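Consider the two complexes below, in which chain A is the common component and chain B and chain C are the respective partners.
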Partner chain A sequence: MSLKWGYTGKILYVDLSKSKYWVEELKESLAKTYVGGSGLAAYILWNLVDGGVDPLSPENPLIIATGPATGALAPSAGRFALVSKSPLTNIWGESHAGGFFGPEVKYAGYDVVVVLGKSSTPVSLVIDDGNVEIYRSTGLWGLNTRDTTNELRSRFGKDYHVMCIGPAGEELVRFASVIVDYYRAFGRTGLGAVMGSKRLKAVVVRGSKSVEVYDPDKYLEVLEDILWRNSEGPWALPAQMSLGRYGTPSLVTAMNAIGRLPTKNHWTGFWGRADKLSGDELLKYRVSRGSCFSCMIMCKHVTKVSNGRYEGTFSGGPEYESIVALGSNLLIDNIEAVIYMNQLCNLYGLDTISTGKVLSYVFECYEKGLISKEELGGLEALWGSEEAAITLINMIVRREGIGNILAEGVRRASEVLGRGYEYALHVKGLEVSAQDPRGHKSVGLTWAISVRGADHLRSLTTVDELGYRDIAAERFGVDKVDDVCDRLSEKYKGLIVKDQEDLFALVDSIIMCKYGTMWPPMYYFDFIAKLLPPLTGIKEFGDVKNLRLIAERIVNLKRCFNLREGVGKESEVLPKRFTEEPMPTGPSKGQVCNLEPMLREYYMYRGWDYESGLPYEETLERLGLDYVANELKKKYVLPRLKHG
Partner chain B sequence: MVRIRIHGILKEECGVEVIDIEGTYLNEIMSKLPKEVKNVLMKYSKYLIVLVNGRRVYDLESIQLLPNDYVDLMIPVGGG
Partner chain C sequence: MGIQSKYVSVNPKLCTGCSVCELICSFTKFRRFNPKESLIKINYNYELGYLEGFRVCTQCGLCVNSCPTGAIYRGDGGIVLIDYSRCSSCLSCVNVCPNSAIVVSGKPYKCDLCSGNPQCVRYCVRGALNVS
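Right, the complex of A and B next:
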C-alpha cells in the first residue's frame, strides 16, 4: 500500500556518477517497520552497502532522511537526518540538524534523498518540487559555507534552503561537517567528507507541496497538548528560562557545579573560570534569537563580536558542546575567542567537538613533550593559547604540516604520530563530547555502546544528571529512584541507558528534537503513540509496545551494521583517563568510571551475549531482523539462548 | 563560611552571583540570604534545584554544612 499521510511516499535516488535520478515508492510496510528518518535510513544503508566499503568511495551512499513529523507542524519536529558510513570511524555515521531544510525536503515531495556515486566535477543537487537538477558548481569549490550559501541563494532565490560543505569537506578532513542555512550543522562523524568525496558541494531545496494529515481534528488535539506543555505545563517555565533564554550554553555553569565540565582535555570536570563562558556571559553578544521550524523553545542564538581582536565575528551559536570543546577544554576563557573559533569551524565546515578534542590532544602532547615546537611549525601549543588554537584550525583545514595528520581525527593522528595514545580521547574513533563519565557514570555506558562512538545524542540520560526524581519514578519505579538519580552510582544505569537509547531511536526516526525528549523530558513513548496515528493513519503506531519493538529493531540494526564492519564489543572501551585517573578536582573528585557492571546490565536488557558481544539469534528473530541475522552468520556464529 | 553560587536566570534576577554566609544548617543559611535573593528564589521555588558540593539535596532542614562547603542554586537545565 502507498503512504498518503505524514509521508510523501517517495524516495529520490540521485546517481552522481551517471548524472541521473529516479524516484521509488516508500512502501507502507517499510514505514511501519522502521518509521522513517534514522530508522529508515538504517534499512536503506544496510541494503545498499556491503561490509568493508570505503566511506570515501563512490560506493558509500549519502542519505538525507526526514520523518513523518517533519514539516507536519509538530513543535520540536523540524529536524532531519544525514546518514552514511563514517569516514572518521569506519562504522555507522549519523548526524541531525535543525532549521527549515528538512521540512522543505518534504514539501518538495520526498521523504528521503539518497545520493549515490561520485561526480567528476564539483556539483550541487538542486531539488525544486518535482524537478531535480545536477548543477555544475566548479565556481563554488573552495568557498566557505557562508559564501557558498550566499551564491546559491543569489542564483536560485532566497526561498531556497542550502546545505553545503566548506573547504574542510573538500579536503576530506575526516571530521568535516555539513552546514545548513548558514548556522545549523550536521556536525558529527565527518559526513562533510563524504559529500566532498562525491564532489557534492551543496544540496539546495525548495518545495511548495504540503504534508497531508490523516485525522486533522485529532492531530490538532495533540498539537494543542504540545502547546500547553510548552506554554503552561510543568516544564514550560524552566525550558523558557534556561534553554529559551540562554540556549544550550545554560549548561556551562550547571555542569561545572556538578563537576562534569570537561576541562583541559578532560583532565578534570571543574574549572574556576567557567563563569567566563556561561550562558549569561554569552548573552552580551547575542544579536538575535531564533527557532527551528515550528519550535516554541527557540534555543538558537546568533552572536556578534563588535570590538577588539575578533571584531566582525558573526555566527550562530556557539552551543554548549562548542564552548566546552573550544573553551574550557583548551583552558581558553575568552568567550570572544570561542565565538570566533566557532565561526571559523562553521565557515570551514568542521565539527567543533572533534576539532576541539584534536586541539586539546596536541596541547597535552606538547605539554608532556610528546610533540615539539618544530613539528608544529614553530607554534607553541600552550594551554589557553587562542593563537595556537586558531593557527592549528587553519592548518587542519588546509592540511598544512602537522595539520595534514590532525585532519585524520584524533585516533588516526595518534597512531600516525605513534605518540600520546592516552591523550587521544575517543571511543570507536569519534572524539568524546562535552561530558565526563567520572562525574556522570551513565555517560560512560552511553559513550561505550553508542553505534557512532563517544556520543551525547543517542542515549544520554538526564534523569540522573541533576536528579529528576518524579520522572525517574514514573519510568523506572519508585523503588529504583535513589539509585537511578544518583549520577555517581553505576546501579540501574544499564536500564536507563537502554530505555533512553530506545526512545531516541524512535525520536530520531519520527524525527523530533532532543529538546523536549532528552531535556526537558516532556515527551515519552506514550506521547509518540498519541502523535503518530492521527498524523499517519497507521494504527500500529498507537501501541506503545509496538513502538518499543520498532525502537529496539532500529538499535539492533545499527549495531549489526557495525558488527558487519567487524566492530563489536572490543570497541566498547573508554579512554583510560576516565577509568583509571581519578577526577582530580571539583565535586566529582576521586571518581573513576567503572564500565563493566553497567555494560553487563545493558547487555542483559538488550538480549545480547556479554561474552561475544553479539545479539542472540532469538533477539534478531523477535525483532524481525532475520535478513540481518542471515548476513551476520557469514561472519559470526550467532549465540543462541540456553533454555532450561 | 558557606559559599552560595547562583546560576542562570536566578543570578540574572538576583543581580548577584556569589554570597558567603555563616551557618550550620542549609535552611538556616537560606534564611540568611538577602531579601531580594529570597524573593527571586520564592518566585522560582517550584523549580529550584539545590546542590551541596555538587550533589542535589531535597530536604533542606536536615542538611548540615561545614565551612568551605558550597551550595549551588539553579532552575532545571539538562541534556548536554
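Right, the complex of A and C next:
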C-alpha cells in the first residue's frame, strides 16, 4: 500500500556522478518499521554502504530526511535530519537542524532526499516540486554561507529555502557544518565535509504541495491539546520565561549554579565571571526574537553588535553550546567576542562546539608547554585571548600552518602532534558538548553510549538534572524517585538514559524538537501515540509498546552500524578529566564520574552483553533486525542468552 | 460602502515568523497542511529578523461589487462571505482584490474570520495576531 497521509510516500534519489535523478516509492512497511527521519535514514544508510567506506568518497551517501510530523503543525516540528557516515568519527553521522527547509522538502513532495556520488565541478541541487536541477555553482565556490544563501535566493526566488556549506566544508574540515536558512545548523559530525567532498555547495528547495491528514477531526483534537500545552498547560509559562525570553542562553547561569558550566577546556564546571555571558547580558544585543517553522516555543534570536571592535556583527544565536565552547571554555568573558566568533563559524560553516574544543585543546597544550609559540606561527594561545581564538579559527578554515592539523578534529590532531591526548576531549572522535559528567552523572553515560560520540542530543536527561520528582515517579516508579532525581548519583542512570535514548530515537524520526521533549518534558511516548495515528492512518503507531519497540529497533540498528565499522564497547570511555580529576571548584566540587556501574545497568536494559559489548542475538531477533545480525556475524560471534 | 467589518491584523513587533497561523488556516479551511493555500500570509525576513509583509482579507468588500453572479455578500458583522451555490469560479474577485487575499484552490477562498472565532488568532501563542 502506498502512503497517503502524513508521508508523501516518495524518496528522491540524486546521483551527482551521473547527473541524474529518480523517485522511488517509500513503502508503508518501511514507514511502519522505522517511522521516518533518522530511523528511516539508518535503514537506508545501512543498506547503501558496506562497513569501511571512506566518508569522503563518492560511495558515502548523504541523506536528507523528514518525518511524518514534518509540516503538519506537530509541536516544534520544523526540524529535519542529515545523515551520513561521519568524516570526523568514521562512524554513524547524524545532525538535526531547524529553520524552514525541512518542511519545504515535504511540501515539494518528498519524505527523503538521498544524494549519491560526486560531481566533478561545484554544483547545487535545486528542487522545485517535481522539477529537479543540478545547477552549476562554480561561481559560488569559496563564498561564505550568507553570501551563498543570498546568491541562490536572488537567482531562484525568495520563496526558496537554502542549506549550504561555507569554505570549511569545501576545505574538508572534518567538523564542517551545513548552514540552513542563514542561521540554523547541522553542526555536528562534520557533514559539511561530506557535502564538500561531493562538490555539493548547496541544496535549494521550494514546494507547493500539501501534507494530507488521515482523520482531520481526530487530528484537530491533538492540535487543540498542543495549543493548550503551549498556552495554558503547566509548562507553558516556564517555557516562555526561559526558552522564549532568552533562548538556550538562559542555561549559562542555570548550569553555573549547579556546577556544570564547562570552563577552561572543561577543567571545572563553575566560573565566577559566567554572568558576563548570561542570557540577560545577551538580551542587550538582541535585534529580534524569531522562530523555526511550526513552533510555539520560539527560542530563536537575531543578535547585533553596534559598536566597538566587533561592530557590524549580525547573526542568529549564539546558542548556549556556542557560548560555552567559544566563551567560558576558553575563559573569554567578552560576550561581543563570542557573538563575533559564533558568526564567524556560521559564515565559514564550522561546528561551533567542535571548533571551541579544538581551540581549548590548543590553549591548554600551550599553557602546559606542549605546543610552542613557533608552532602556532608566533601566536600566544593564552586563556582568554580573543585574538588567538579568532586567528586560529581563520587558520583552521584555510588549513594554514597548524590549522591544517587542527582541521582534522581533536582526536586526529592530538595523534598527529603526538601530544596532549588528555586535553583532547572527545568520545569516539566527537568533541564533547557543553555538559560535565562530574556535575551531572548521567551525562557521562549519555556521552559514552551515544552513537555519534560525545553528544547531549541522543539521550540527555533533565529529570535528574532538575529533579522532577513527579515525572520520575510517573515514568520510573515511586520507589526510584530519590535516586533518579539525584544528579550526583550513578544509580538508575542506566534506566533513565535508556528510556530517554528511546524517546529521542522516536523524536528524531517523527521529527520533533528536543525542546518540548528534553526540556520542558512536555511530550512523552503517550503523546506520540496520540499524534501519529490520526495523521498517518497507521494504527500501529497508537500502541505505546509498539512505539517503544520501534525506538529500540532504531537505537540498535545505529549501534550495529558502528559495530560493522569495528567500533563498539572499547570506544565507550570518557576522557580522564571526567573520571579521574575531581571537579576542582564550584557546587560540584570533589565529584568524579564513575561510568562503569551506569554502563552495566544500561547494557542490561538494552539486552546487550557487557563483556563483548555486542547485542544478544535474541535482542536483534526480537527487534526484527535479523538482516543486521546476519551481517554482523561475518565479523563477530554474537552472544546468545540461551545456550542451545 | 458604509459597513466595515473587523479583520485580522498583526503586531509586527511580536511576530516571530513561525508560520503557525498559516498552518492552522490551511488545516481549518482545507483539512490539510499547505502554507501556500493559507488565507493569511506572513512574509518574514528571517535573515534580518523582522516581518516584511502580511496579507489577509481586510473585509473591504471590493469583491462584493465585482462578483457577476452576486455570490459574494456581506454577512453578519459585515464579514464578506462567498455563497458557493452561486459562485461560477470566474475569479473576478481575485483580480479586484487589492490585498491579493483571495486564494484559488479550485474555487476562490477568502478569510471569513472562521465564523467569528479566527483560528489563526487563537493559535498565535505570542499574541501577535488579533481582530480589530
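Some observations on this one:
Quick note on the criterion: the second predicted complex is superposed on the first by the 641 of 644 C-alpha atoms of A that agree within 3 Å, B and C clash if a C-alpha of one lies under 4 Å from a C-alpha of the other, contacts with A are read in each partner's own complex, and residues count from 1 in each chain.
To be clear about the criterion, contacts are C-beta pairs under 8 Å (C-beta built on N, C-alpha and C of every residue); 3 or more make two chains touch, one makes a residue touch a chain.
This is a predicted model, so every value here is computed, not measured.
Of the two partner chains placed by superposition, A:444 touches none, neither chain B nor chain C. Applying the stated contact rule after C-alpha superposition, one finds that A:534 touches neither chain B nor chain C. Looking at the shared chain after the overlay, A:210 reaches chain C, while chain B stays out of its contact range. Applying the stated contact rule after C-alpha superposition, one finds that A:295 touches chain C and leaves chain B untouched.
Of the two partner chains placed by the overlay, only chain B lies in contact with A:587; chain C stays clear of it.
When the two complexes are overlaid on their common chain A, residue A:575 makes contact with neither chain B nor chain C.
By the document's definition of touching, of the two partners only chain B reaches A:467; chain C does not. Chain A residues in contact with chain B (one complex) as well as with chain C (other complex) do not exist. For chain A in complex with chain C, the residues that touch the partner chain are 71-73, 99-100, 107, 146, 149-150, 181-183, 208-213, 216, 220, 223, 227, 230-231, 236, 287-296, 298, 300-302.
Contacts from chain A toward chain B in the complex involve residues 235, 237-238, 241-243, 245-246, 248, 250-251, 253-255, 257-259, 275, 278-280, 320-321, 434-435, 439, 456, 460, 462, 465-469, 485, 514-515, 518-520, 586-588. The residues of chain B lying in touch with chain A in their complex are 5, 7-9, 11-12, 17, 44, 47, 49, 51, 53-56, 58, 72, 74-80. The touching residues of chain C, counted against chain A in their complex, run 16-20, 23-24, 26-27, 30-37, 44, 46-50, 122-123, 125-126.
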